[in-house]
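Chains: A, B, C and D, in written order; residue numbering restarts at 1 for each.
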Amino acid sequence: MTIFNFRTARPVEYYRKYLEQDVRPDGRDLGEFRRTVLNIGCVTTADGSALVKLGNTTVMCGIKAELCKPKTETPKCGFIVPNVELSPLCSPYFRSGPPGEQAQVMSQFMLEVVNHSKCVDLESLCITQGKLVWVLYCDLLCLDYDGNVTDACVLALLAALKNVCLPTISINEETENPETDLTKRVPLPISSQPVSSTYAIFDDNILFVDPTAEEENLATGIITIVTTDDKLCLVHKPGGSPLRPEQLTNCFDRSFDRSKEISRLIDETIHSIDR
Amino acid sequence: MPTDTRRIGGPEESFSPLAYTLTDSIKTLMVSSNGIRNDGRKCEDLRKMFIKTGVISQARGSAYIEQGETKIICSVYGPREVVRKEEFSMKGQLTCEFKYATFSCSYRRQHQQDSEEKDFSVQLLEALEPAVCLHKFPKAQVNIFVEVLQNDGSALAASITCASMALADAGIEVYDLVIGCSMKIHEDKVLTDPTINEEYDSQNSKQLNHGSLTIGFMPSLNQISAITSKGEIQIDFLKRAMTDCVEACQKIYPAMQQSLHSSIKDKLNASER
Amino acid sequence: MREMTCELGQLTRCDGDACLIQGETCVATAVYGPTEVRMNKEILDKATVEVVYKSKVGLPGCAEKMFERIIRNTCETTILTTAHPRSGINIIIQEMQNSGSYLACCINSACLALLDAGVSLKFLVAAVTCLINKEGDIILDPNSKQEKDGKALLTFVFNNKDFNIVTVNTKGSYSSRQFKDCTSLCKTSSKQVFEFYKNLWKSC
Amino acid sequence: MTLGADLTLDSALGQNKLKAELGTPAPDKDDKGRLEFFVDCSANATPEFEGRGGEELASEISNMLIRVYDCPGCVDLQKLCIIPKQQCWILYIDILLLECGGNLFDAASVAVKAALFDLKIPRVTVTQDEGHVELEISDDPYDVQTVDVKSSPCIVTLSKIGHCHVVDASQKEEACCLARLMLGVSEHGTITGMKKEGSGSLDPSSIDDMLDTGKRVGIALNKSLLEALEEEQRQGKKKGHTGFLRSEIKEIQTDCEIVWAEINISGSRTIKVSLFYRPPSNACLALEEFQQ
C-alpha cells in the first residue's frame, strides 16, 4: 500500500507514526511555525493594508477609515470594526452568502483581541469630542484556507494597523462640516503588539504548533494564546481534550518566543518599505 | 438597510472623508496634444502586466493578475455536484461570482453584492461560457470566484483574463482562452486599458463620443465572446474601437501563454521530484 | 464563591432542564436528548452536539456565536458522543439574569441539564471564574460591579476525573505567574462546585 | 404624481408607472437629478417567475436600462435639479412585466420612453429667507415642467440565428438563438449602450453588420414611436384611456339611460358590455326601448 493510500485511508495512524519521532509529515518539528511572509501597504486604495502568507494560508487585511458620530456614552472613543471574510474563494468548504458560524466566531475573536490588547487607544481616534470620530473598518479577507487562519489574521490586522495613515481633518467654523486634507497624513499610534500562536492537541497529549488544515481536522483540541510584548492577553481553549495545567504553561514560553520573532519580522518589513 | 447581525456592526452611518476634500479635482487634460496620457503611455499602450497561476493551494485552479495597479485574484472549484437540484441537464453548469473587496475602491464598498457586481458577474459568465466545453462535465457545476483586491480601472476586462487563466490552470477543458480588454473612447482618440480616472464617468463627460468599451476575445477562434459599451458613441468610432481592442487582445495573448507555459513546467518538475 | 441554588426538571417538554442561580446570575438550560439530526449535520460514528444561546434582549450576533462555540465544544468533550451515533443532542441556553461570571454559570447549568437528561457523560465539568483587579489580587466568582473595573477576567473549566483543564477563556492582560495562581485557586474552588452537584443530586 | 403608459407591443405587454419624488442627489453627482429603474416580473407572465424566479431577468433588464440611459445626452438631468447638492427630482420608473412573448428589453425601453414623454412634473419655486430654504410646489395641474425625451434611446435587440440576425425575435425565435446583441439607439443613430447576451459567441464581422441594421431599425423605431406619442397627445383626453383598448360605442342611441362599451383584447374576439338603468316608476316603457 503506497504512502499516499495509507495517508488517505488511515490519516490518524499515519500522523501518529510521525509524531512519535517528534516530527511532522511536512518536515517541521512540533514547535516550528511555517514560513511567514509579510507584505505591508500592498493596496493603495486602502488607508492601511497588509498581506500575510503563513505557509499556504494567505490573509489580506485592508483598513478603510471613515468619519462618524461617536456613541453618546463614550463621546471621546472612535470605533475599530474588524470583520473576517471566509469567502468561497479560499476553500471548497465555504458557500457564498452571509458569513457562516466560523467566520462570525473569528470576527468576534478579532474584536476581543483588539479590545483587550489595547493595541490602539480608541481615544486617539477622536477628532472633536462628541461630534466627530474616526471609524476604522478592518476587513480581513482569507484568500487561501490551509489551517491556522487565526494567527495569520491577527498578524495581518496588526501589520495593517501599523500601516494606517489618517488624513488630517479640520472643522471649518461656520459651516461646521469637516474638511479633509489628503496630503498631510498622520500615522496611527500603536501602543502594544498582540501576537497569537495556535496549538493543536493530538491524541490527548501531543501538542504541536501552527496546524495545517489537515492537522486541524485530525486534532482533538485547539488552543490559541495571544501575547502582548511580555504579558498574556488572551488564552482561548474552547473544549477539546483536557490538559494538565503544566502542559498549558509551557506553551506560554513558546508563545513569548513567537511574539519576539513576529515583532522582528514586522520591523524588518517596515524598514524595507521605508528605504 | 437592516443591520447585518452576522457581522460586527460599527456605527449606524459613516461617511467617507473623500466627500469633504477641499481640493476639487481640477480637470486634468486626459490626453496631451502629442498623444501622451497622464501616466506617460501612448494611446494604444497597455499597462505593465503580471499573471501567475496556481496561487491558491486549496482551489482546483487559481490565477492572480496585476494590470498596472488593478489587482485581481480568481479561484475555480469543481466540477462538483450541484447544490440546488434544478432540472437534469446533459450540459454542465458554470457559475460566476464577481466581488469587489470592501477596501478595493476609493469609496468603501459593502460586503453584500450590489447591482453593479451582479451585472459584472453575469457579463463574466457570458464571456467565459462560449469557451468552456460544458458537455464534458454533465450534471456537475464549475464555480468561478473573482475578487478584486485593488481597482485602478478596467476591472471587468482584467477579471475575464484572470478567470480564463484560472480555468486553464484548473484543467477544465476549454476551446480557447478568453482575453479581456477595455478601451476608453475620448472624442476621436481611443485609449487602451484606461486607469480609474481615465475611465468613462457619465456625469462629467461631455456630449458625444465619450464612452467605454469592454471586449472578451477568443484569440485562436477569432470570436468575440463578450462585448459591452457605455456612453454615446457613433457607429464608425465604435467599429474602430473594436478593431483596436482586438489588436490589444492579441498583444496580451503571448503574456498569458508564457505564464501558463512556465506554470506547467513547474508542475512537471515538481511531480518528478 | 457565591451561594448557588438550582431547580431540575421544571419543564415538561424537554428531556432534561436546569435553572441555575449563582449569586444573582441565573441561567436556564434545556436539553433535548438523542433526537434525529438534519442530513447535512449528521456524523456517522458520533452524536452531533448543537448549542443554541438565547440572550435576554436583541438579535443573536457574533458574541452569541462565540458563546455557542465555547459551550458546544465543552459539552462535546464531556458527552460520550460515540454512545449515540447519527443522532443529535440539542442544548438550548436562555439568559435570565447576567450579573457577573456569566460564562461559568452557563457551563455549569448546561452540565446539570445534561445530568438531568440522563445523557451518558465521560466526566462532570465545573466552571469557575476569577478576576484580577487593578491592585493585582485575585477575586473569585466576581459579580458584575467588580467585573466592570477589573483588569483581567479568567474562566476555567475543570473535569472531576483528574482536575484537568477542559476549557479556558481569558480576557485582559496579566502575567503568566498570575495565570498559574488563578489556575490553582480555581482548581480548589471547583471542588466546592462538585460538592454542590453531589448534594444537589442527593436532595432531589 | 404618477403617470401611466400601458404598452401593448403585440409580443410583450408592459405596464409602466413613473413616480417623481423630491430627494437629495447622489454624493458625486450633486447638480443632477436621478433615474431609478425597478423591474418586476409578475408571476402571471410565466409560472417560473414565481417567488424569486424573475429576479435575475428583472435585474438584467434594469441594469441594461441603467446602462443605456447613463449618458449625458439622453435625458437632460440638469433640469431635474432644484438646489445643487441639496434637493433634486428623483424619477422612480417601475416596470411591471405582465406577459412575455420575447423581446422584453425593447418593449421595456419603449414603455419607459413613452412614460417619460407623458411625464409632467409640477413647478417648484424656491424661496430663500434668512438662511433656510423654502420649497413650494405649485398644485395647479397646468403649471408643469416636462422632460425632453426626443434624444432618449430605445433598445434594439438583434438575435443571431445561424448566419443571419433578426430583430424583434418572438419567444420561439429567441429559444433557438445562441447570442443576442442589445443596442441602445438614440434618434440620430448613435449607440448609447451595448451588450452581448447569451452563451454563444459572435465573430467581429457579423457584429459590424448587426450594428448597421441596429442603427437603421433604431432610427425608424424612434421616429415612429415619437409620432405615435405626439399623435396620442394631440387627441388629448377625448380618446379615453386606452387601457385594454376599450372604446365607447355611440351609434346605438336610444333615449333610455344606457351606455355601451366595447372591449377588444388582443388575440380574442371583442366583448360588448352595456349598462342599462331601469327607472323604478315606469318599468314597461323602459323595457320596450331596451328591446329596440
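Just so it is clear, a residue touches a chain if its C-beta (ideal position, glycine included) is under 8 Å from a C-beta of that chain, and two chains touch if they have at least 3 such contacts.
The shown structure was predicted, so the numbers you read here are calculated from the model rather than taken from an experiment.
Novice: Which chain's C-alpha centroid is most distant from that of chain D?
Specialist: It is C.
Novice: Which chain pair racks up the highest number of C-beta contacts?
Specialist: A-B
Novice: Using CA atom means as chain centres, which chain is nearest the centre of all the protein shown?
Specialist: Chain nearest the overall C-alpha centroid, as shown: B.
Novice: I'd like the Å distance between the centres of chain A and chain D, where a centre is the mean of that chain's Cα atoms.
Specialist: Taking the mean C-alpha position of each chain, the two centres sit 53 Å apart.
Novice: From the C-alpha centre of chain A to that of chain B, how far is it in Å?
Specialist: 30
Novice: Counting only residues that touch at least 2 other chains, which ones in chain A make the list?
Specialist: Residues 104, 107-108, 111 of chain A each touch two or more of the other chains.
Novice: What are the residue numbers in chain C that touch two or more other chains?
Specialist: In chain C, the residues touching two or more other chains are 61-62.
Novice: Think of each chain as a node with edges to the chains it touches; is that a line, ring, star, complete or other?
Specialist: Topology of the interface graph: other, matching no listed pattern.
Novice: Looking at the whole structure, which two-chain pairs count as touching?
Specialist: All chain pairs meeting the touch criterion are A-B, A-C, B-C, B-D.
Novice: Which bits of chain C are touching chain A when the two form their complex?
Specialist: Touch residues, chain C against chain A: 61-63, 65-66, 68-70, 72-77, 154, 159, 162, 164-176, 179-180, 183-184, 187.
Novice: Please name which positions on chain B make contact with chain A in the complex.
Specialist: 4, 6-11, 13-18, 20-23, 55-59, 69, 71, 73-75, 77, 80, 83, 97, 99, 101-106, 108, 111, 143, 145, 147, 149-152
Novice: Name, in rising order, each residue of chain A that touches chain B in their complex.
Specialist: Those residues of chain A that touch chain B are 42-46, 49, 56, 58, 60, 62-71, 79, 81-83, 85, 87-92, 95-96, 98-99, 104, 107-108, 111, 135, 137, 139, 141, 143-146, 167, 169, 177-182, 213.
Novice: So in the complex, which bits of chain D are touching chain B?
Specialist: Residues of chain D touching chain B: 27-29, 32, 56, 59-60, 62-63, 67, 70-74, 181, 186, 189-204, 207-208, 211-212, 215.
Novice: Where on chain B does chain D make contact in their complex?
Specialist: For this pair, the touching residues of chain B are 19, 115, 118-119, 122-123, 126, 129-131, 202-203, 205-208, 210-211, 218, 221-235, 238-239, 242-243, 246.
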